[in-house]
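Before I ask anything, here is the structure I am working with.
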Amino acid sequence: MIIQLEKNIKESDLERIKSECIKLGLKPTTVNTASSQYLVSVVKNEIDIRLIGSLSGVTDVHRVSDDYKLVSRKWKVGYTTIELNKNSRIGDGSFCLMAGPCSIESESQIRTVLKHLKENGISVMRGGVFKPRTSPYSFQGLGLEGLKLWHKLAADNGVSIISEVMAIDQIEKMYPHIDIYQVGARNAQNFPLLHELGKVDKPVLIKRGMSGTIDDLLHAAEYVFSSGNEKLILCERGIRTFERAYRNTLDLNAVPILKDKSHLPVVVDPSHGIGIRKHVPRMALAAVASGCDGLLLEIHPEPEKAFSDGQQTLNFEEASRLYADIKQLLKFFGVECEMVEGSSASGS
Amino acid sequence: MIIQLEKNIKESDLERIKSECIKLGLKPTTVNTASSQYLVSVVKNEIDIRLIGSLSGVTDVHRVSDDYKLVSRKWKVGYTTIELNKNSRIGDGSFCLMAGPCSIESESQIRTVLKHLKENGISVMRGGVFKPRTSPYSFQGLGLEGLKLWHKLAADNGVSIISEVMAIDQIEKMYPHIDIYQVGARNAQNFPLLHELGKVDKPVLIKRGMSGTIDDLLHAAEYVFSSGNEKLILCERGIRTFERAYRNTLDLNAVPILKDKSHLPVVVDPSHGIGIRKHVPRMALAAVASGCDGLLLEIHPEPEKAFSDGQQTLNFEEASRLYADIKQLLKFFGVECEMVEGSSASGS
Amino acid sequence: MIIQLEKNIKESDLERIKSECIKLGLKPTTVNTASSQYLVSVVKNEIDIRLIGSLSGVTDVHRVSDDYKLVSRKWKVGYTTIELNKNSRIGDGSFCLMAGPCSIESESQIRTVLKHLKENGISVMRGGVFKPRTSPYSFQGLGLEGLKLWHKLAADNGVSIISEVMAIDQIEKMYPHIDIYQVGARNAQNFPLLHELGKVDKPVLIKRGMSGTIDDLLHAAEYVFSSGNEKLILCERGIRTFERAYRNTLDLNAVPILKDKSHLPVVVDPSHGIGIRKHVPRMALAAVASGCDGLLLEIHPEPEKAFSDGQQTLNFEEASRLYADIKQLLKFFGVECEMVEGSSASGS
Amino acid sequence: MIIQLEKNIKESDLERIKSECIKLGLKPTTVNTASSQYLVSVVKNEIDIRLIGSLSGVTDVHRVSDDYKLVSRKWKVGYTTIELNKNSRIGDGSFCLMAGPCSIESESQIRTVLKHLKENGISVMRGGVFKPRTSPYSFQGLGLEGLKLWHKLAADNGVSIISEVMAIDQIEKMYPHIDIYQVGARNAQNFPLLHELGKVDKPVLIKRGMSGTIDDLLHAAEYVFSSGNEKLILCERGIRTFERAYRNTLDLNAVPILKDKSHLPVVVDPSHGIGIRKHVPRMALAAVASGCDGLLLEIHPEPEKAFSDGQQTLNFEEASRLYADIKQLLKFFGVECEMVEGSSASGS
C-alpha cells in the first residue's frame, strides 16, 4: 500500500496517520523524495483503505499488489520523466542516446569523444573510471582523478556524464563530478549501495544483474526509491545463458515488460548485450523497435586499442552510421530525438 | 571440407574422387540434393586440397572450419532462396509472413483464417494438427484428417501451409497435404527425424531447441542438408531461462549471428518468444529490426476460445494493425513484402 | 483423477463407468498395463468421487492434484519395483548398477566388458548402438547388427542390456535383442516415441532432457505409463547451465525430489553428469548418498581409444575401485546390492 | 607468474626484483599476507623465469597458467588449513560443521542454539545480522547490536561465529565482534568489498554467486588473497536455473572441481542449495560424499516461527539426527570430525 502525503504535511498529522497504520497491523516506511512524501507498507490482510484515506494530510491511498511498490505502474500509470541536462530528458516519450568508451583512458581520448558527440548532437557521455574487473590484475580504471578531468571537460562542452559507482564511499567522492550514477550488473543486488544511492539527488541508472530477473531489477529500483531517490533509469544489458556464440543474451522481452510493470524509463545496452562489434548496430535497432527510451552505447576513437571491451565497441564511423539509422527509425515510430540531423540513412 | 561435383558426374569419376579422399584419410559423405551433388568430410589434418580439386568431375573444393559444413556461409557466401509458392519466396532479401492458429480446430476456423490472410495478402498459413503437448491428457490435435481438409481449403485459396511433423511415419502421410514441414523445439535434436526429412523435396523449417544453442540449431540443419534437402529455414522461438515473467526469452541476438554464420533464411516466432499477447507486436517489430527474413505468428479469430496458446495469440484486429506496422518498418529498411497495402500506420 | 478398475472388469461395467464420467464432464483415458487397468482424467471442477467409487467394477478412486497422474506418489505411496533379470531388481530398496561403454564397438570389446561385469557381479550392461550425435559426420553406432551380437553374448553370460532407442521404427526391430530401452536426453520430449514405448512390455529408462525440468521428466514418464507400460525408470544425467568447467551440471536435488513426487525408481548417470573422468567416482558416491536406486556408469577397457565419450569413461581398474567404495557406502546406508564382494575400500 | 619472496626481504632486493620484472614487460602486484610476501603478475609472452629466480630475495618462481594465480593449485599443491578456533580447523582433511539460524533474532534464540551446538560438539555458529533481502520492506536483521550480543554469548561458550558482511563500512564495525566474515551470493562480484576484506586478518568465507561460475568464484577469492588475506573458504550454495521445483540447484560438481583447481577449503550450504526442509539432510549427506571440507547448515529451535528461511531450516531434532548420520558417513570416508558422539545412526 502506498499512502501519498500532502506536500507540507503537519508533523502531528503524520504521526496520527502512522499510528492508525500501526493499529491496522501495518509497518509503514516513510519515504521522502525531492518531490513527494509517502508512507509505504506491505499489506498482508484485507484492509479498508478508507480508514487511512479519510485522515487529514493524506492525498491518496493506492493498493499495489506487486511485491515492489513505489516503482510499480499499479499506482502511477503515467511515466516518470527525468531531466538529464538542459537538452536531454528521458521517460517523456523522447529518445535518449548515451555513448562513450568502456573506460576513460586519457585527456586526448575524452576530448576526441566529446567532439564526436557534439557533432552528432549527443549530450550524455558514458565511461568508466572505477572498473569492475573479474581479475584483480586487470586495469581498474583511472579513478577519481580521471573522473574530475572528464567531468570538467564534458561540462565545458555541455555534455552530462554517466559512470559506474561500485562502493558506498565513492558516492560522496564522485558527487561533485558526476551527473548520472550507474549501478553495474555485478552490484544489482548490492542492497547497501542501492540504499545509499537513495539519499542523493542525482539520477541513478540500474543495470539488470548477470542472471537477474525482471523482479530482481524492480526490487533493486525499489531499494533506491524507498530511500528517497525517484530519478531512476532501468537498463537491460543481456543475461548470462548457456549460449557461447555471444558474450551475453540480450533480452529485449524485458523492454515491453518493464514498460508495462513500471513507470520508470528503460534503456538498453546493446554493446554488452551481444558483445560482438559487427552485430551491435542491428541489436541497437532491434532495441529501438522494442520500445525502449534510450540506448547506452560503447564507442571509441580506436576500438582496437581500447583498454577494455574493444571487441564490442564501435568506431566513430560505425557509430555515426548507426545514429543516422536510429534517427530514421525513431521517425518511423514518431519519437523525438535530440540528435543532430546526419547524412546516412540505409537500414544497414 | 566440401567437394562440389559436376551435375552429371560419371560414376567412374565419382569413385575415383572417393578413393582419393580415402587415401588422404577422409571419410566422405555423399550428399545429393535437388540441385547439386557434394562430398562432405571432416578434415582433421592438413591436406593439400589441390589433390582433390584437380580431379575430373570436381567443380570446386571448399575448406570449412566450422563443425557444420553445408549450412555454413564459409563456402556459400550468398544466401539461399526458397520458393514457398508462386507469390512467396524466402531468403532473397524479401520478407515472408506466416500466420495462423496454434491448433487447427475446425473447418469454419480454417475458412475464417484463410479469408483474413487473403485480405492481408499473406500466402503462408501456419497451424498444428499433430500437437506436442506436455501432458498426454491435453488436446493432441486433429491429426491427418484435419491436415487434409485444411490443405484442400488452403490450396483452393492459393495459400501454402506449414505444420509440425513429430515422427518419421508422419512424413510420408503428410506429404501430399503439406507445403512446408516444421520441426518443433522439442524435436530439435531428434536426429532420425531430421535425417528422414533430408529425403523429401519440400521445405523444412527447424525451430531452435528449448535450450538449444546456435551451434545445435546449425547442426540440426546440417543433418537435413547432408541427407539431401537444402530447402531449410531456421527459426528462433525463444529459449528457456530462469526468467518467470514470460514464457520464453526471445533471443534476437540469434538473428544477426545466424545470418552471419549460415546462408539459410532465418525467421522469428515472437508469439512463443514472449508468450504474452499484448507484447507480441512489439517483439515482432524488434524481430524485423534485427534483420530476420520472416515471422511465424499466432493469430486466431477468437484467441480466448483457442484450443491452445490463446494467451499469446493475436485476434484479427490486433494482427492487422501489426501487419501495417511491419510493412511500414520494412519500407524503412528497404525490404520488399508481398503483403497487401493496409491502412493502419503508427508504430506502437 | 485415477479410477482403478477390477482386473477382469466386465465390458458393460466399464462402459457404465465411462458414461458416468462423461456425465460428470470428464474425458477419461483408458490405460491397460500388464498388471492393471485404469481410467485417468484431468478434473477441472469439484466432483463427488463417491459417484464413481460406488460403481460396479471400480476398485478405488484417487484424487491426484499433480498435472501428471499415474506416475505420481499422490495415489501410490509405495515404490514401484521392476525386475531387470533374475539377479537384479530396481525400486525395491536395493541398489542396481548398470555399467558399460558409451558405444558398442566390436565383439572383443563386448566380451572384455562382459568378463569385467561378471567378475564384479554386475548384471546390467549399458551401451549404445544407435548414437545421437550432434554432427551427422560423427560415428553413428553399429546399429541393429551390433545390437544382435551384443545381446547374444550378454544373454550367454546372464547379463541384461540397456540401450538407447531413437525412433519409433527401432522399437520393434530392437525388441528381440534388448532388455531395457533407454530414451536419451535429446528425446525426452519426443512424445510419439514415448507413446509407442507404452505399448511394449519391457522396462524403459527415461533420461531427463538437456534443460528439462522435474515436471517435464515426470510428464514424459506419464506419456509411457498412460499408453500401457508401467515399467519405468527415471534418470538424472546433468542439465545444461552456463557453467563451462564441466560438460553438464549434475543436479542431485532431483533425486530426493523425484523420490518424493513419484513412485518410480530413480538412477543417476554421473559420467554425463560431470563429464570429467577423474571426478566421476566422487559424483557417483554423492549420487549414492543422495538416495538414488542405481547408477548408469560409462566404463571401457581403454577409454583413451573409445569411439565416443572417452574423456568421461572409467577404465576397469578405476571402475573396480569405485564399485568397492559404492558397496561400502551402501552398507553404511543399509542398502543391499548384488555386486560381488571386492577388496578396495577407502573413499577415494 | 607468482614470485615467492624471502620472509624479511631487504627493501633494496625487492626494488631490484620489481625493476627486473618491469624490464621483462611485467606489471607485478605486491601481495603481503600474514605469512608470506609475493609478487604476482599476468604473463603474456614467453619469459625465462630463471632471470627472476636467480635474484637475491626470491624463494621460488611459479608459472600459473590459470587466470587466477594465488588461489590456484598450480603453484601450491597442498591444501590450505585455516584455524577457526582452538577446536576447529578447516582444510586439513578434517570436517567442519557450521550451524545456526538464518537470522539472529533474540537473546533467548541465541542461547538456545548455543546450548544445542555445545551438546553436539559444534564450535562454529552461523547467523545473519545484516540481511540481504530482496525487498526493502522485509526484516533487515538486528544489525551491529545483535552482533555484539551474539558474539559475547558465543565467546562465553567457546563458539566462533560466522556472519555476512554486506558493505565496506561494516568490516571495521564488525571486526571486534566477528570470527569469520561471510560474503553472500549477491556480493560475489562486489570487488571493492572483496578488496577491503583482503586487509583483515580473520577468515573470509565466499559464497558462489547466484549464477556465478567456478571461474567467477575463484576470481573473487583471488581479489581477497591478492589484497593480503589468505584465510579463505569457498562455498557452494546452489545456482539459479530454470528449475522451479526447488529454490536453487545445488551444484555438487563444484566440490571436486574446486578441490582440484584450488588449494582453498570448500564448504557446501545444502539449506540454500535445495531450499526444502525435508530434503536438506539427503543433500547434506550427498555433499559430504562429494568430498567437501564442511557444511553450512540452517537450524532453528522453531523453524515455523523463524524470521526468514524457515522453509529450509531444520529443527534441533532433525539436525541432531543429521549430525549422527554425517559422523557415521565421515567415519566411512576416514575423515575426522570434532562433533560429539551422538546416538542416531540410520542413513536416511
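Here the chain labels run A, B, C and D in written order, and each chain numbers its own residues starting at 1.
Just so it is clear, a residue touches a chain if its C-beta (ideal position, glycine included) is under 8 Å from a C-beta of that chain, and two chains touch if they have at least 3 such contacts.
Bear in mind the structure is a predicted one, so any value in this text is a computation, not a measurement.
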By mean C-alpha coordinates, which chain is most distant from chain D? B
Given the two chain pairs B-D and B-C, which is bridged by the higher number of C-beta pairs in contact? B-C
What is the distance in Å between the mean C-alpha positions of chain B and chain D? 50
Can you work out the whole-Å distance between the CA centroids of chain A and chain B? 38
Computed distance of Cα centres, chain C from chain B, in Å: 34
Sequence positions of chain C contacting 2 or more other chains: 211, 215, 240-242, 244
In their shared complex, at which residues does chain B touch chain C? 27, 29, 40-42, 67-69, 132-137, 166-170, 186-187, 189-193, 195, 209-211, 215-216, 219, 222-223, 226-227, 240
List of chain B residues in touch with chain A within their complex: 211, 213-215, 239, 241-246, 249-253, 255-257, 260, 273-274, 276, 278-279, 282-283, 285-291, 328-329, 332-334, 346-348
For the complex, which residues does chain A have touching chain C? 211, 240-242, 244
